[in-house]
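After this come two complexes, each holding subunit A, first together with subunit B and then together with subunit C.
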Partner chain A sequence: MDDPHHGRVGAAVHEVTRARGGVLRLAPALTVAVFLLPIGAGLIGTALPAFGYLPAIGGRAFGIAPWRELFASPGIATAVRTTVVTGIAATLVSVALALGFCAVAHGRRWTRRIGGMLAPILATPHAAVAIGFAFVVAPSGWIARALSPWLTGWALPPDIATVGHASGWPLVLCLVAKETPYLILMIAGALHQVPAARHLGIARMLGYGVTEAWLKVILPQIYPQIRLPILAVLAFSLSVVDVALILGPSNPPTLAVLAVRWFGDADIANYFPGAAAACLLFAIVVGAMMAWVALEHAGEAVGRRWIARGTRSGAASIGARAAFAMTIALCAGSALAIVGMSIWSFAAQWRFPDALPGSLTLGNWSRLWASLAVPVATTLALALAATLIALLLVVCCLENESRTHRRAGDRALWILYVPLLVPQIAFLFGAQVLLVSTGLDGTFGAVVWAHLIFVLPYLFLSLADPWRALDPRYARSATSLGATPLELLLRIKLPLLMGPVLIACAVAFAVSVGQYLPTLFAGSGRVATLTTDAVTLSAGADRRVIGVYALLQAALPCCAYLLAVALPAWRMAHRRARWT
Partner chain B sequence: MRAWRRASIVAWVTWMLASVFAPGVSVAVEPAQNWSDITRKARGQTVNFNAWAGDEKTNAFIAWVGEQIAKRFGVMVNHVKLRDTSEAVTRVVAEKAAGRDRDGTVDLVWINGPNFLALREEGLLFGPFAAMLPNYRYVDTTNVRSNLVDFTVPVDGYESPWRRAQIVFVYDGERVTEPPRSVPALLAWAKAHPGRTTHPNVRNFLGSTFLKQALYELVPDPEVLQRPPTDASFASVTAPLWAWYDALRPTLWRRGEQFPDNGPAQRQLMNDGEIDLMVSFNPAEAAVALSAGQLPDSVRTVVFDKGTIGNTSFVAIPYNAANKEGAMIVADFLLEPATQAHAQDFRQMGNITVLDLAKLTAAERAPFDALPRNPALPTSAELRRTLLEPHPTWMTRITAEWERRYTK
Partner chain C sequence: MSGSMRRTSVPPGPEARAGLTLRGVRIAIRAHVLIPALDLDIGPGECVTIMGRSGAGKSTLLAYIAGTMEPAFSAAGQVAIDGVDVTGLAPEQRRIGILFQDDLLFPHLSVGENLAFGLPASLRGIPARREAVERALAEAELAGFARRDPATLSGGQRARVALMRTLLAAPRALLLDEPFNKLDAQLRHDFRRFVFDHATERGLPILLVTHDVADATAAGGRTMTLEA
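And then the complex of A and B:
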C-alpha cells in the first residue's frame, strides 16, 4: 500500500483515463439516481395523499381527514402495537443470536466456510421460508404430525393458535430465522477489518475464555460496521409484508399489511387512510431507529462497566452458548420448512396425523408444469436484467473509484442503505402513482427498475470489498506493459475477480427473485413472478401446489449460488488441465 | 453542490430513458357491431383476463379456455391472476383517473356484485354487449333470475354470465352423522362440537355471504334485503344476526378469533382435520375436492331446508379495454354449451351451468347428460330453493359492522 511509486503511477493512470473516463465519472451519480429518485418521488407521492391530496381521485384539499380515518379504523391500536412489538422483538433476538453465535463459533475451522453454509438460507426468499414455517408450526403441521398420536394423544389437531397468533410470535420466529444468518454474515465480513486473532490471543493470555473475550474485545470494535445492517433488519422487520401476510395475525394484521390491504381495496377512497398508514409506518421505523441508537448509548455505558469488572467466564458465555444452539436450531428449522414443502410438492395425500405422505407422485409437478412456465421465465428474466444492469453500474462505480482514487465514504454507505432502511410500502404506492401517470406501470422495465432499487445496494456491498482489496500491483504491472484501462479491466481485473463478481451476482439474483411488494406495485399486479404467485397461493391453495412454488422459489437462487461457486472452480480446473 | 447538480441531470436523463420502455401508443377503435367483423378483428389480440386466482381448478380451467381460444380464434388469453377482484376495479379506476381512456390494461374481468356495482356506477364498463354474443341465446333468463339481476342490480347487458354459485355446507361424513339443515341448527351443532367449524374472513365474499345466509333465515321478512338499508333499518334488521353470531363465535375454530382467509384456505383446514363442517359457494366443491385429493373421500354436501343464497358469476369489459373484440370472443366461448358442460364436470370445476338446458338441441345437451355422478354431489332437487343475493350495501355494511364489533 505504502508504495512510493503508487501516487506517481496513479497520477499517470489518471491522466490516461481522463480523456476516456468521462462517461465513467457519471457512474456514481447515475447509480444513486437509479434508486434515490424513485424512493424520494415515491415518498412524496405517498405523503401527499396521506394529507388528502391526490387530484387523480378527487383529493384536492389538504387536511388530516385520512389520519382521522386511520385512527378510527377498528383495531388500529392493536395493529400498531403488533407491528412495533414483533419488529423490535425480531431485531433484538436476531442481533443477540447472531452475536452469541459468532462469539462461540469464532476461530473454529468450519467457520471459514460460513458464507457457503449460510448461502442457501440467505438465498431462499422470505416468502418460501414463511410458507414452510407455517406448515411446520401449525397445530396440524409437521411437528404435531410427527409427535401424534403416539406422544401427544391427538387423533385430531388441537384447537390452539400458532400461525396467525395474535401476539405474532410465528412472524418473529421466521424473521429471526432469516435475519440471524444475514447478520452473522455481516459480522463475518466486519471481522476481516480488525486484528481479531491477535486481540483474542492477548485476552486469552489474561485468562478470558474465547467467548467472553470475543464479546468484550472484538464486539466493541466491529459494532460500528454492523450497525447499518442491524438498522436495515429493524426497518425490514417492522415493515415486512409477505411474511406478515403468511404468518402474522390477520384481525387486525400488522400496519404494513393494513396499508397494502387499503391500497388494494375496491373503494379507492381507502387510498387516503392507506397512505396515512404507510406514513405512520415510516414514522414508526424512524422512531424505532432513533430508539435503537439511544439503546446503543445505554448499552455502551453498561458494556463499559461490564468489561471493566473483568469477570473471566460469566453468564455471558452461557448465554452465548444458548444463542449458538438456538441459531443452529433455527437454521435447521428453515431447512425443515423447505424440506417440508418439497415433500408436499410430491405428495399425493398427506393427512394428519401421518408424519409423512402415504404415497408420492409427480402429478403435482406435471399438472402445474404448463402454468409454471410464465412465472419462472418472468422471474428469471427480471432477475437477470436487474442483476446485469446493477453489475454494470457497480463495476463502473468501483472502476471510477479506483481510477480517480476517491473512495466512497461513510455518507455513500448510508445512501446505499437507504432502500434497505425506508419501508417499502412508504414509497411504493407513491412510485406507482407516478408510474401510472406516465403509463409505465406494469411494464417489464418498470419492474426491473423497482428490483434494481434493492438489487443495487446488495450487489455493491458484496462486490466493493473484494474489488478494493485487489492487489494494486496487478494493475500497475499491466499498465506498465501498455494495457489501456479498458484492457486492464476486462483482461486482468474481471478475470481475477471472477469469483467475487459471480457471488455478488448470485446475491443480486436472489434479492430479485425474493421481491414481493416492488413486483406487485411496479407491475400493477400484472407481472407475475414465482414469489407473487406463491404469496397469492399461500392465502389458501392446495398445499401441494404451494409446495411446488416454494421449492422452485428456493431452488432458483440456490442454483445461482451453486453456479457462482462452481464456475470459477471449473475454470480453474480447466486451466490447470491445459497447463499440465 | 456540483455533484448534486450532476446527479439531478443524470436523473432526468434516466427518466427520459425510461420512457423507452413505455408501451407504444395505438389508437383504440370502437368494436365492430357484426359478429364476423368482431371475430376478424379479434384475431391476433391478447386478452388480459383479470380473474381471481386463488383456486387452482379455476386457474386450470382458464388455462384450458386460453388454449381452446388460441386454437379456434387466434386470440391469446393472458390470465392476470388476482388476489382479489377489487384489484382489477382499482386498476380501471386508476386508469380513468390518470386519463387513460383507451388502451386500458384490463380487457376482461371476472366480476359480480359490489365490484360490478362500483364499475357500473362510475360508467366504467363497456356495453351493453351480452346480447351481441351468439351463445347468449342459450342463457337461462326465465328460471335463473341471478343471470339478469346481479345483487339486485340489473345487469342490462354490461356483463355476461359464465358460472353459477350456491351456498352449500360440506361436512366430513365420517365424523358428522347429522349435519345441520338450518341456521339455528348450525348454532346447536357448533355448540355440541366446539372448534370444529368456521367461516372465511368476513372481508372475503364467502365469509360475508355466510353472514348474509344467516341473516336471511333470521329476519322475519327477507324482502327488506332487496333494498339498501338505512341506518335505522340496518340496526333493527341485523339485531337477530348479531345475537345469533355472538352465541356462535366462541364455538368456532380458534374460538372465533382467527379465520381462514378464503374458501380454499378453509378447505385446507378441513383436509388437515382441523374442522369438520364448512360453508362453500360451489355445490360441487366436495366432489371436486375429493376427486383432486384435496379433501378426504368421506366428505358429503348438505343444503339448508329453507334454501340458500345463489348468484351468478359474470365477465365484464372495462370501457377503456384495449382488446374489446378478443374479450367478447372469450365471453362468448364461456357460454358455449360444450364449455359449460366442461365447467360443470366435477373433475374440472363442477360449476352449475348458466344455460337453460331446455333451449339446447339434443346434441348440445349430450355432454351434460354424459357428466359423471358422485355421492358428494347434491341433487338438483336439493338445490332448487335459491335465494337472491341481498343488495350489495348489506354486504359492505355487514362487513364494516363485523369489523367494528370483532376487530379489537
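And then the complex of A and C:
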C-alpha cells in the first residue's frame, strides 16, 4: 500500500474525477427539474383557473365562481363520496392483502422468484387489466357465461349492473388486483434490509408461529420502507382515470373522471369548474394522506399493546391465510382477464352464454392491422425515447453519487415520489395550458416529457439499489489498473449491472406504455397510443376489437420484460460456450 | 394467585423432568456426514458442552434440536424433552430457548416490550405483565430500563436482556450457540456466570456449543468434541 506509484495513480484519478465531475454534478438537479418543473408549473396552472384566472380564454377576474359552479353541479356530492370510498377501500384492501400474503409466504422456496412471477401483472398496463376485468365481471362476461345457462338459467345476459355499478366495486377490485402485487414487490425489496430470517427464528423459539411472528417482528421493521409506496397507492387509487373510465360509475363518475370530462368539453367555459374539481381532488389526496399518517400512529399504539400481550393464539395467522388465498385468487383473476381478452381478439363469433367462442380466426387482427400501425409505432417510439432519456439521466445521477460519495438521502426519496403522490389531473391541465401557450402541445417531444415525469422515478427506484450494492472493489481494482472513470463506467460497471439495467429499462418501458392521462393532455388528444385508443374503444366498441388492443397493450411490456431477462442469460450461455 | 401463573413459575414434579434427550442424531450435508450418530442425555440443571471447529456442525446440531435447520442439511434422529418426543413439532411448539452470539433484540420494541414479547400470554393483565418484566429486569441488574431503546444499551446489558427474554418464555431446555463470543474478557466471565446461574436455578438442561475451552471450563459439566 505504500507503493508511491499507487499513490500517484490515485491522485491522478482523483484529479480526473474532479475534472469530469463538472457535467455529472448537474445530473441530479437536471433530473429533478425534468419532473418537478412541469408538476410545479402545472399545479399553479391548474390552481389559477380554479379561481377564475385563465386569460387565454378570457378569464381575468379572480373569484370563487368556478368553485360555486363545481359544488352546484348535479351529483357532485356523490362523486366526491365515490372517489373517497373507492380510493380508500382499494388502498386498505391492497395493503391488508399484501401484508397477509407476505406474512404467509415468507421464507418459502418459491418466493425467491416472486419478482419474476409478479412481473407480467405489474407490466400489464392498468387499462388492459381493467378492460379484461370488465369482460370477466360484466353481465355478459365470463363469470356469467361459466354459470349459464346450467345454473342461472340465463339465455340472455341478465339486466344487472356490474361494470359501472354506482358503488364502484369493480373499480376497487381491479385496483386491488393491480396494486397488491406492486406492494408485495416493495415489501420483498424492503425485507433485504432487515435480518428477517434470524429475527423470525428467535420469535419462533419464543413460541410464535411464522405468520404471527412476521406481523409482530418483521412488519414494524420494514414499514418505514413501504410507507411511500403505500401513499403512492393511496394517491393513485383516489385519482385514477383510465380504470375509473372503464370500470367505475358513470353518472356521476369519480371526481378525477369528472374533471377530465370538463376539460374535454366542447364548451371551454367548463375548464373553470374542471380546474376546481382537479384542485379539490388534490386537497382530497392530501387529506387522505394525512389521515393515513394518523392511522399509522393509531396502528402503532394498538400494535405495541398487541405485541406486549404476548398472545401466540394464531388468530392473526387465520386472517393472513385468508389474505394469501385472496391474493392468489386476484392474481388468477388478472391472468384470466388478460386471457379472456386474448381469446376475444381471435374470436370469430362468441355468443352468450357460450364459455368459449365457436370458432377462432385471425380476421380481427388482419382487419385492424392497418389502423394499428400508427398507435403501435407511436407507443414504441414514446416508450423507447422516454426510457433512453431516463436511463441516461439516472445513470448520470448514480454515477455522480458514486464519484462524490454522497448518497441521496431520505429527502431525495420523497422528491422522487412526488410524481406518484400528486394526482395527475391536478397538474396535467395546467401543464397543457403552458404547452398550448408555447405551441408545443401535441408534439412528440411534449408527450415524451410527460412520460418522463413518471418513467424517471420508476427507473431510478429500480436501478438505485443494485447500483449501490455493486461491490466497490471492482471499481477500485479497475482504477488501479489505470482505467479512467469513464472507462470504468462503460467497461466495468454497466456490463456488470447489465441485468438490473435491462430490468429497470423494462419497468420504465412498461410505465410509458401504460400512460393514459399524460398522453392525452400533453398530446392535446392528437397523439394516439395503444392505451389511449384502448380506453376510448372500451366505451362501447366490439369486444373483438378491444381484445386486439388489450392484448397488444399487455404484450409489448411483457415482451420488453422477457427480453430484459433473456438477454443476459443468452450472453452468459454464449460466453460459456466460447470457453469450452 | 391464578392457576395459570402457577404453571409458569413452578417446575413440574421430578418424575416428569428427564431433561433433554438425543437419540441417534445424524446430520449430513449432501454426502458429507457431520455427525454420524449422537446419543446424549442432559439432566435438569446439567450443562453439556460440545466443542468443535467452525464447520463441524455444532450450530447445525442446535438448529436441528430447535427445529430451525436449513433444508440444505439432512438429518435424522429423535429429540425428546422431559420424555416427550418433540422431533415432529414446529419450532414454536417445542419450548426450547436459544441464545446466539448476537442478542437479536428487536429494534422496534423497547427493552420492556422485548421482554413482554417473551412472556407467555397466560400471564394476563397489564399490571401483572409489567411486574414480571420489572422483576426480570431487576434480576438482570437493569431495574428501570423497561422504556429504554435496546440500541442505547451496552453489549453486556443487551446480552442479559436477551437471556431474560428467553427465560421469560418458560423454556424446558436452553441451547447456547457461542453466546459469549462477542463479549470482551471481563464481560464474558460475568455473563457466563449470569447465564449458568439463572439456567441451573430453573433446572434447565443446557447444551452449549463453543470453540473456546474457557467456556467449557466455566460450564463445568461434561465436554464432547465433534470431529469433522
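Note that in this section the second predicted complex is superposed on the first by the 564 of 580 C-alpha atoms of A that agree within 3 Å, B and C clash if a C-alpha of one lies under 4 Å from a C-alpha of the other, contacts with A are read in each partner's own complex, and residues count from 1 in each chain.
Convention: a contact is a pair of C-beta atoms (placed from the backbone, for glycine too) under 8 Å apart; a residue touches a chain by one contact, two chains touch by 3 or more.
The shown structure was predicted, so the numbers you read here are calculated from the model rather than taken from an experiment.
With subunit A as the common reference for superposition, the partners subunit B and subunit C occupy compatible, non-clashing space. By the touch criterion defined above, A:533 lies against subunit B but remains apart from subunit C after alignment on the C-alpha atoms of chain A. Between subunit B and subunit C, B contacts the larger number of subunit A residues. In the overlay built on the shared chain, the residue A:312 is in contact with subunit C alone; subunit B does not reach it. Contacts of A:221 after superposition: subunit C is touched, whereas subunit B is not reached.
In the superposition on chain A, contact of A:403 is made with neither subunit B nor subunit C. Of the two partner chains, subunit C is the only one touched by A:202; subunit B is not.
In the superposition on chain A, A:251 makes contact with subunit B only, while subunit C stays out of contact range.
After the chain A superposition, the centres of subunit B and subunit C are separated by 160° when viewed from the C-alpha centre of subunit A, nearest 10.
With the two structures overlaid on their shared chain A, subunit B and subunit C come no closer than 35 Å at the level of C-alpha atoms. Applying the stated touch rule to the two superposed structures, the subunit B and subunit C interfaces on subunit A have no residue in common. Here subunit A touches subunit B in the complex through residues 26, 29-30, 32-34, 37, 56-57, 74-75, 78, 138-140, 156-157, 159, 161, 164, 166, 249-252, 264-268, 348-349, 351-353, 367, 370-371, 436-440, 442-446, 449, 524-526, 528, 533, 536-537, 539-545, going by the rule given at the top. Interface residues of subunit B, counted against subunit A in their complex, comprise 3, 6-8, 10-11, 14-15, 18-23, 48, 53-56, 59-60, 63, 80-87, 89-91, 93-95, 97-98, 100, 105, 114-115, 118, 194-195, 201, 253-255, 257-269, 271-274, 292-294, 296, 403-404, 406-408.
Chain contact summary for the complex, subunit C toward subunit A: residues 66-68, 71, 90-93, 95-98, 100, 102, 104, 106-109, 112-113, 116-121, 123, 126, 129, 165-166, 169, 171.
The part of subunit A that touches subunit C in the complex is made up of residues 109, 195, 198-199, 201-210, 213, 216-217, 220-221, 304, 307-313.
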